[in-house]
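Labels run A, B, C, D, E and F following the written order; every chain starts at residue 1.
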Amino acid sequence: MKISARNVLAGKIVDVKKGATTAHVRIDVGGTIVTASITNEAVDELALKPGMAASAVIKSSDVMVAVE
Amino acid sequence: MKISARNVLAGKIVDVKKGATTAHVRIDVGGTIVTASITNEAVDELALKPGMAASAVIKSSDVMVAVE
Amino acid sequence: MKISARNVLAGKIVDVKKGATTAHVRIDVGGTIVTASITNEAVDELALKPGMAASAVIKSSDVMVAVE
Amino acid sequence: MKISARNVLAGKIVDVKKGATTAHVRIDVGGTIVTASITNEAVDELALKPGMAASAVIKSSDVMVAVE
Amino acid sequence: MKISARNVLAGKIVDVKKGATTAHVRIDVGGTIVTASITNEAVDELALKPGMAASAVIKSSDVMVAVE
Amino acid sequence: MKISARNVLAGKIVDVKKGATTAHVRIDVGGTIVTASITNEAVDELALKPGMAASAVIKSSDVMVAVE
């Protein structure tokens, strides 16, 4: 599958924390930690766990820009 | 200002392309290009241009996870 | 690639309209038209055009519920 | 109320699962299940339950396109 | 129609600017200007124009919190 | 930090409710309550609590328009 989202940041999962319905997955992308908030169901279906190679995928319209 | 968004990825702007109302800003984050789709007004107000230090800011609920 | 987004709606592209930076792609999903607003670059990279099989992909946290 | 969101997909609720703060609502839209992640408060206020007619509402800028 | 989005901010439209595909609509909500980036099609379908009563509708998962 | 998001609505926090992973923060913005759904981690890091001055920050592409 190829997706229109412009940002596919390859890395490795370092942490998976499931809540009641929503899970937080942390991915190390070249030394920077990216946090994804996704459903528990997605965690189960993709069998996400620490150490797995995974990408953070972000649509461009969800990216803001900040300057000092 | 400190913001609740979990993902603030520091980098340098490499490209700014304004359209009719929407601009695309590309930020080099440690060798990975992150594209942000923002308003032309934001580009003007923050005076964004190539070479500037800037961060890509992304709310965790806008990050998906993909695996091969 | 497998993605955490819970909603992958298979269909066929019926219309692609590029703007200055942002394109609108309409996908017929079982008789319902779903509109996606994505970057022109994504349209070019995926070579999207009417008649192609394509899916609308939507993260659950971006879906609202309405009732009469 | 009429809303600017381009995608209003009519269907029927098949499942409502409340978590600690976030609920998952599944809507059958012409045979396809669409999952919405919304607040528990919204579930209560709209009195969402299985069997109810409901629509999944999605802003175009939150729809991605995927191809094989 | 009643919607799950928690934030429906009533106001009056003060400006509508259409681009090639994306429009910016500014709504005065109790003295604060809220900007919405929506499709040109939505502007046409709802016949949005300055002076009209309108609400800015925002899903809770799209709201961040900032402090000084 | 200055951010590209067009909507920064200043107010005061009136309620913070943490769930298993996701928290709901309510901000009074000039008499209107705005609800933000953010991570528990953000609540802790920013030490958000009722009575604090805080802003609701919303990207324009996440704002819809509704009319009667």
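Just so we're on the same page, a contact is a pair of C-beta atoms (placed from the backbone, for glycine too) under 8 Å apart; a residue touches a chain by one contact, two chains touch by 3 or more.
Just so we're clear, the structure is a prediction, and the values are computed from it rather than from any experiment.
Residue contact pairs shared with A-F exceed half only for one pair among A-C, D-F or E-F, and that pair is D-F. In the Cα superposition of chain D onto chain F, the rotation angle, rounded to steps of 5, is 120 degrees. Look at where the CA atoms of chain D average out and do the same for chain E: the two points lie 21 Å apart. Put simply, the C-alpha centre of chain C and that of chain E have 22 angstrom between them. A separation of 17 Å divides the Cα centre of chain A from that of chain B. Shared interface positions of chain D, i.e. residues touching 2 or more other chains, are given as 1-6, 19-22, 24, 35-39, 41-42, 46, 48, 55, 57, 59-62, 64-68. All chain pairs in contact, by the document's touch criterion: A-B, A-C, A-D, A-F, B-C, B-E, B-F, C-D, C-E, D-E, D-F, E-F. Partner chain C is touched in their complex by these residues of chain E: 1-5, 19-22, 39, 41, 59, 61.
Chain E contributes residues 1-6, 36-39, 41-43, 45-46, 48, 55, 57, 59-61 to its touches with chain D in the complex. Of all the residues in chain A, the ones that touch chain B in their complex are 3, 5-9, 13, 24-25, 27, 29-32, 34-38, 42, 46, 48, 52-68. Against chain C, in their complex, chain B makes its touches with residues 17-24, 35, 37, 61-62, 64-68.
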